[in-house]
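In the two complexes below, subunit A is the common chain; its partner is subunit B in one and subunit C in the other.
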Partner chain A sequence: MSGPARPRLVLLGLPRTGKSTFLGALWALIQSPVETAVSEASFGGDRSYVQKLADQVARGVELDRTALDAEEELAVAVEFAQGGIAELVIPDTSGESLRVLAERRVWYPPLLAACKDATAILLFVHPERLRMPQRIVVGAGAAPGGEVEAQADGVDLHPPDGAAFQANEHACTAAELIDVFENLAELWNDRRPIRVGVVVSAWDRIGGDPRPTPYQWVAARLPAVLATLESNRDVADVALFGVSAQGGALEARDELLARGEICDRVFAEDSSGRRISLVEPVRWAIWGP
Partner chain B sequence: MRAAHQFLFGYEDGHRLLAGSRDLAPATAVALLAATDAAMPDGSAPLVTGLALAKSSEYAFCVTWSATELPRPGAVWAHALVVAEADLAEPRALETLVGLPRRPSRGVADLGSYRAPIALEGAVPAAPSYLPARATDRELLAELAFAAYDPRGEATVAHEELGSAAKALLSLWRAQWPALRAAFSFRTREVVRPGTPEFDLTVTRKIRGQGGESAASTPAGTEPWLKSVVEDAASVATTPLRDFLWAFGPHEPRDPRRLGALARLWPSIVARNGRAARAQLERDWPSPQSGVALKQILFGGKNDDWWLADQPDR
Partner chain C sequence: MTETEAVALERREPADRLGAALREVTPAEGAQPLVTVEDAMTLEQARAMSGRRGVRLVLILGEQATGKTALTAMLWQQFLEQDGLAGHRLAGSRTARGFERRSHWGRQSSRQPSAVFPATRAEDGGVLHLRVRRPDGRRVELLLADLAGVQFERVREGRPLRDELPWALRADRFAVVLDADALSRVGESEVAVTRTRRLLLALAGSGAVRDSARVALVLTKSDRLDGSGAGALARHESDLLELARRSDPEAIWVRTAAVALARAERQGLGDWVSWLCLNDRPHAPLPVPEVAPGRSIAAFLA
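Let's turn to the complex of A and B:
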């Protein structure tokens, strides 16, 4: 009889992309008797940090940012209804640690260690915090490199004030994430493919009629990222998710809290838009489809 | 001219470098980014960090403050001062350095004042505004000296009051001989996991581990050498022990435990107990190539000044 799985998951994402919120909501669901997809398998380990995150999610307040040197993690044995028991370890990585990789081209040692050991990655993107590619307008008298086009509807051009373009500060989110993926692929040379889940956080903020599925949203907003992942199936098994780990906007906190406990508020969708448990990205990262 | 380069870190869509007096190599920039960022709950005392930058033969001294006025919970301000290793050898420059860190009083409106290097010569050292006014906690100082200098010491010490801890850490650091000081990395933090190898000494309110958070501290030893180290570190004036450490420390590897070895030898010298001193030398400098200067001076018949080290007229 095989023992429990020992996954090492890493939540990656630039600052304020919802990693800690997801971790807090996940912990709340693991502890909730209402949630049937997952339960706690043992009572060992240090829970103080994730409990604090879960409390902040429950109160509908913005979570404290994760400091670079935080070294915090969720380390607990859990049982998934579909899968089995896993001794789960998920470090709460700081968004800044990914940014220094993307912008300074330096691995922050704890992030490097976590990614080297990772059995799967969940890559977080926040739909309202994307840096879009800078458009260049070629016009009469344009300076070398062109001028920055006026802001189009709903698109933040970067840099917004026409400042000189600097790759380490102004590269679009897609370019940064592709660069990150290529660096990760180098780490996994000897054990490909690794599961890489793209998690679009704050999914409650995605509008449209009809509302796009997570796949459609990533294809529209981060097409180069999707193309890179889909053309590297030998490197990564890929899945896309939309998650709302708060269940709504913190600006409408009273309304949010009126909807009940965390397990009543949070939701997630798979790539096709089908409703799934918020724990499904983690289950998929451990056992696959 | 001796000068400190300064760098202000703060929150702007993440913790980042906001202003500086020069460019930083990518690896140094990341090291400082990490050294200046920390979890700070409401009411947390300013955190101090000393970080040896061995690759560039520089040293960074940093103070981090909670930035509760900013909308993002957990945001911090941090002021890092980077000096050449050699600048740490000059006592007045060192006093000036530790008085330099300052929290921006007007937020980003202050950034301009962080864009020029600061002269370390000719300035009157300011009292560090981030340290408590109360006297150095000698009991804590003994605990830290034991942790840093004794082979049995742990590199992480739990202590509830981080303001006092910062003051004690700086006292310990300033008493070290310059080469050791330039290699000694230390910090105060609200919570850490044990085993962070890049810091020689960390004082923290909470140690996170498998059993949850613990705040228990290791009792320091009560050996005579420890008492001498504490008296020396707490003293503003030079002491005979400091003279001894500064004379022979530079011949030792840049390892805090070597300060402990020298300090353990000291009580035997003060007591003019040659037999005990010899035994100590055999224990801590066992090979003929180690502690050569020390052995020659103490037992080479050339100079017996150190055996009279406790004489008042010395």
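Let's turn to the complex of A and C:
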């Protein structure tokens, strides 16, 4: 009989894309008797860090940003209702360490170590923290004064600022993520394909009638990233998720907390928009579809 | 750090302070190198890739301000805005930063009367990498040379292509540009045609185009073509194509308007990427040597 799976899952994303919030909510669900998709398989070990994250999610407060040199992780044996037991390790990687890769163009050693050992990656994007490329058009039909195109949901459309190119100011999110993917693919050269889940966080903020599915949203907002992932199936098995690890906006905290405990508030959707447990991206990362 | 600098740093927002700290991070000795590059690949880096399967080294020949950089940058921009271009999908890039840098002023000047793509200086020239998945599922690695127009001015004036750009001998695709905007300007039209013709002649005389390589004539800024420009094009397009076919009997014209009017579609980028990703030209069948009657199969069997 084979032993438990020993997945090493890396939550990857630029700063403030919801990685720690997800980790805190995940830990809360693992402990919750209401959540049937997952449970803690053995009690023990130092859980102080993830417990602090879970407490902050429970209180509906904004989480501290993970320090660049943080070495915290969630290391826990969990049992999934669909799958089995896994000795799961998820380091809480700092978004800043990905910025070091994307902007300073060096691997920050802890991030490199985490990604080298990773059995799967969950790549986080926040819908309100994307830099999208301004469409390049000329002449007739231009808005007066060169105004940028209106954008319904507040996405930064890379408005002209007249300044010379600075990667940290002007490179669009898709370009940064494609650059990161190229370097990850190189790391995994000898053990492809790796599972890569794209997690759109703050999914409760996505509007529209009808509301797009996570797949439709990524296809519309990050088509180049989606195409790159789907065109490299030999490098990465891909799945898309929308997750709301707080369950709503922190600006409406009272309303949010009135909806109950974390397990009552949080939700997730698979690529087709079907409601799934918040732990499903982790289950998929371990065992696949 | 001086005291003044320290105070200034302290007054910044935490994120700014973190940003300042990030700038201090330097690569550790023996660290894992990145496979992506800061801007464009050097020719040496491109050469390291060019022997691989599915790689196409693309040389875009044209003088200054003929739209070479826009042609390259807008292909990237199109993939960022919309998935799929004539059935081709983006599959990655090792020079995403270089594309972003080249798209920057185009974005900054968007909705102005004309898009700005600053001239490529000789010292800024390099190779941009784009991995594209064709409709048949095969991936193609495009290495698009983005070079200063002045280099082609020298070629047009008589410097042999293989002296000016020795690595052109390794190119798999040669795109010779004709600027439709210049074609439509009185006094410039003939100059534009002559320059393109000279580049085609230089290419044909260089011996750089291998049997498997392809050549295309690319009409850039075709949306700027007015009546007189269209007349000039009609007059010269067959002649120019004939010249291109001295290097590649399958040479074609590709018309592009990479930067479109607002609310209009860009034109020709699908044809452009399709041509770039085409298979190599099949080698011409080797002539069958004549066999002396005494050594023929028939004679042997008998």
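One rule holds in what follows: the second predicted complex is superposed on the first by the 262 of 289 C-alpha atoms of A that agree within 3 Å, B and C clash if a C-alpha of one lies under 4 Å from a C-alpha of the other, contacts with A are read in each partner's own complex, and residues count from 1 in each chain.
What we mean here is this: a contact is a pair of C-beta atoms (placed from the backbone, for glycine too) under 8 Å apart; a residue touches a chain by one contact, two chains touch by 3 or more.
Everything quoted here is computed from the prediction, not taken from an experiment.
S.K.: Between subunit B (first) and subunit C (second), which does A:108 come into contact with in this model arrangement: first, second, both, or neither?
M.R.: After superposition on chain A, A:108 lies in contact with both partners, subunit B and subunit C.
S.K.: Touch test for A:66: subunit B only (first), subunit C only (second), both, or neither?
M.R.: first
S.K.: Once the two complexes are aligned on chain A, which partner has more residues of subunit A within touching range, subunit B or subunit C?
M.R.: Touching more of subunit A: C.
S.K.: With the two complexes superposed on chain A, say which partner A:230 touches: subunit B (first), subunit C (second), both, or neither.
M.R.: The second partner, subunit C, only.
S.K.: According to the stated criteria, A:181 is in contact with first (subunit B), second (subunit C), both, or neither; which is it?
M.R.: It touches subunit C, and subunit B stays clear.
S.K.: Answer with first, second, both or neither: which of subunit B and subunit C does A:48 touch in the superposed model?
M.R.: In the superposition, A:48 contacts subunit B only.
S.K.: In the overlay, answer first, second, both or neither for which of subunit B and subunit C A:258 touches.
M.R.: Touch status of A:258: no partner.
S.K.: Overlap of the subunit B and subunit C footprints on subunit A, residue-wise?
M.R.: Residues 15, 65, 68, 96, 99-100, 104-106, 108, which sit in both footprints.
S.K.: For a test of understanding, state which residues of subunit A touch subunit C in their complex under the given definition.
M.R.: Listed in rising order, the residues of subunit A that touch subunit C are 15, 65, 68, 96, 99-101, 103-109, 112, 133-143, 146-147, 158, 160-162, 164-165, 167-168, 170-172, 174-176, 178-179, 181-183, 185-187, 219, 223-224, 226-228, 230-232.
S.K.: What residues on subunit A touch subunit B, complex-wise?
M.R.: 14-16, 44-49, 61-72, 94-96, 99-100, 104-106, 108
S.K.: Going by the contact rule set out above, which residues of subunit B touch subunit A in the complex?
M.R.: Residue positions touching the partner: 11, 13-16, 26-27, 29-30, 33-35, 37-39, 72-76, 189, 192-193, 196, 208-213.
S.K.: How about subunit C: which of its residues touch subunit A in the complex?
M.R.: Those residues of subunit C that touch subunit A are 14-15, 18-19, 21-23, 25-28, 31-32, 34-36, 38, 74, 77, 79-84, 89-94, 96-97, 99-101, 103-115, 131, 133, 139, 259-264.
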